[in-house]
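Read from first to last, the chains carry the letters A, B, C and D; within each, the first residue is number 1.
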């Protein structure tokens, strides 16, 4: 029989003797009672930016969607398959999760592809090309800015894309309604793989700031714009 | 300003003083050199079944797609947005990841919804209903078996769905070609939230067995069936 | 004279010098006073699943019926020979045994035969074909599920058959009456020959769970299903 | 949930930590390779006469039918359910078991019932009355012998019944044919619960003798007739 990857089996044994062993009761309770996560995180597939790792969360805490470049498409009830919209619907309508975090990160391969004018389709289906089309107008506008460095353009689009996804979340009628009632809060965050820094989006201004910057700030309202 | 969830900030501080602090060099190297993950995992959004936790994996190891019920749609190059297909394309064509694991789990809410004949759309868009339509024929066949208990039907569909996703993976021309060349291996796994058991799919028969069962078995090839 | 099998004689000598020697008084008392077993077990003939072995029971404890696939036919007072029904009658009415266990097991040859569409009669009498007809409707329904593997179908029918036998037990008027009075309890169990695991039927849901799973579970009532 | 009998669970734990633990490989091999028992034993349901105990046999050795009074009905291919005939068919035709032992025992409740002229049906179905009808002519003849004590009549019928079952085995065409070819051997045995003695039937004379008597006997042929 084809072998299951040994590094996964080995990691699984660590899990069983470690975390599962320590949290046996929690797992059983979560199994019996069902999940009740406090946050929906929409994150990137990137292997360097797992939300459970960055937020040090245990079982039952985060309901997690992961797609390329952590994007939310606009509400399109067209009868097609929509993996991300289905997960949002389930999280908000069935699980009643009160927090949604769009979590981006630096050096994102999807964003980089969107900014690459010479990018060839990765396959005849060109699913990545189509998928990254969700930020096409923004990507075109940023790409044309030849005063910013490539790295600055990349960070800029990563953050624009997070705000774009939050806007798209508000095209879902029930998300909008629940946000207006204060029952759902929408958040943005951006993770720097190299420094480990987490930058959090100011809901009012859309700026990304580090919580460490905030904690020392005497006046919450006067967070500096970026 | 609207507050970012305190439990996430608190978890993030743990991450920085713990894992990031311990693996600072690894993060920096991963940032500079880019990611090179050994495995693409397609997992469920469920908060109780994070692949990094179950496989005890660190940064850089797993490229992770998470959607409701860990499903892969068939190859449909129709110009629509396909979150999952885009991620598969990126993982296989751009990152050249050699292992793909479809990872299901017990008590899956999406599978439960697929088996519920009285399930109402969760919202007018009915994204979940459409999305779970990916296993509609299987769900109908299993649902009609009134001799099995609800729990048995659920486990059955969870496993059928994993095999179904593996079949759908093979409708992607490059996945099929690379598998035939031995450059990509397709795996199935099913996690029991309550007991922590990982059941692994036998690639030949499609049966799910526990690695602990196999390790001591003298006749690996003839494991399953009477 | 035709030789009695030497391995049986040799085993018998072990019994005499071992267990009988140790429990001489118990055997004598059981002989004088008659048997008073606490449990009727209806088990399979299979050489790998003897109830006295699996439950580590000594003389006087288990009144045991063994037939192919541990089945109970429905109550049919038609004047024919009914080996199993006669044993149930004797156990419940004459011996007043308060517990009945239907004990199935994995890789059961009778169940396998019932699921084999190409099964030829083993002899002109086709006793196995007729006997396994007791689960014919269930076998047909499960056999038609081509999404499950052969091994999954087998386990499914093994468990459906246990529940079927428990239903048939309730067609015996005195079993039903005594159960309603709380004087007889009906149980199901399924033994995994390979792992040695015993799965016990939840009387309420019909699901099979391992006692080890249950012992640590905080919410016993809500064990099964998502 | 209704509790599974604690004494069985406790015994099962002994089995797992004892016999299963010691013979793990044997169980796994038996699971993988299938069973290949050397002997079919047709024994009584009586809790004091389990064949695995008396012959000190482990997993995989004995294929066991247990019904009240260890009886074999004559070959009756009438399309009815025949638990015992089905098991014989499976043992001889599918498993090719070369030895068949009819194993009776003293103080048998079924035989006692057959000899009781005042025996009332145990239930309206009277399954025991019908089942013990298999030895009705013999029971009537022995019952009418008022020179023998009740205990002697009981032992007599227990042994007559064993020979009767062996005769009935020979009405199965394939059993008869295989016996004539020397491929199946038919044996009788009778167990004394009180003394632990095993009496073995002399195939030629039908007498029951103790193997200890035989081992010391200088001339095998001159075993004393009873």
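Methods note: contacts are C-beta pairs under 8 Å (C-beta built on N, C-alpha and C of every residue); 3 or more make two chains touch, one makes a residue touch a chain.
Here the structure is a predicted model, which means the values were calculated and not measured.
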Most distant chain from subunit D, judged by the mean position of its C-alpha atoms: A
Chain copies touching (subunit B, subunit C) - same or different residues, decided at half shared: same
Inter-centroid spacing, subunit D versus subunit C (mean Cα positions, whole Å): 18
Between subunit C and subunit A, distance of the C-alpha-averaged centres to the nearest whole Å: 53
Where subunit B and subunit C are represented by their mean Cα positions, the distance between them in whole Å: 38
For subunit A paired with subunit D, centre-to-centre distance based on mean C-alpha positions, whole Å: 69
Residues of subunit A whose C-beta touches two or more other chains: 24, 28, 32, 34
In the complex, subunit C residues that touch subunit D: 1-2, 4-5, 7-9, 11-12, 14-16, 18-20, 24, 27-28, 30-32, 34-35, 37-39, 45-50, 52-68, 71, 73, 75, 77, 79-91, 93-95, 99, 101, 106-107, 109-110, 113, 122-128, 130-134, 172-174, 185, 187, 189, 192-194, 196, 198, 200, 202-204, 211, 220-221, 223
Interface residues, subunit B side, partner subunit C - complex: 106-109, 111-112, 138, 141-142, 145, 147-152, 154, 156, 159-160, 163-164, 194-195, 205-207, 210, 213, 217, 224-226
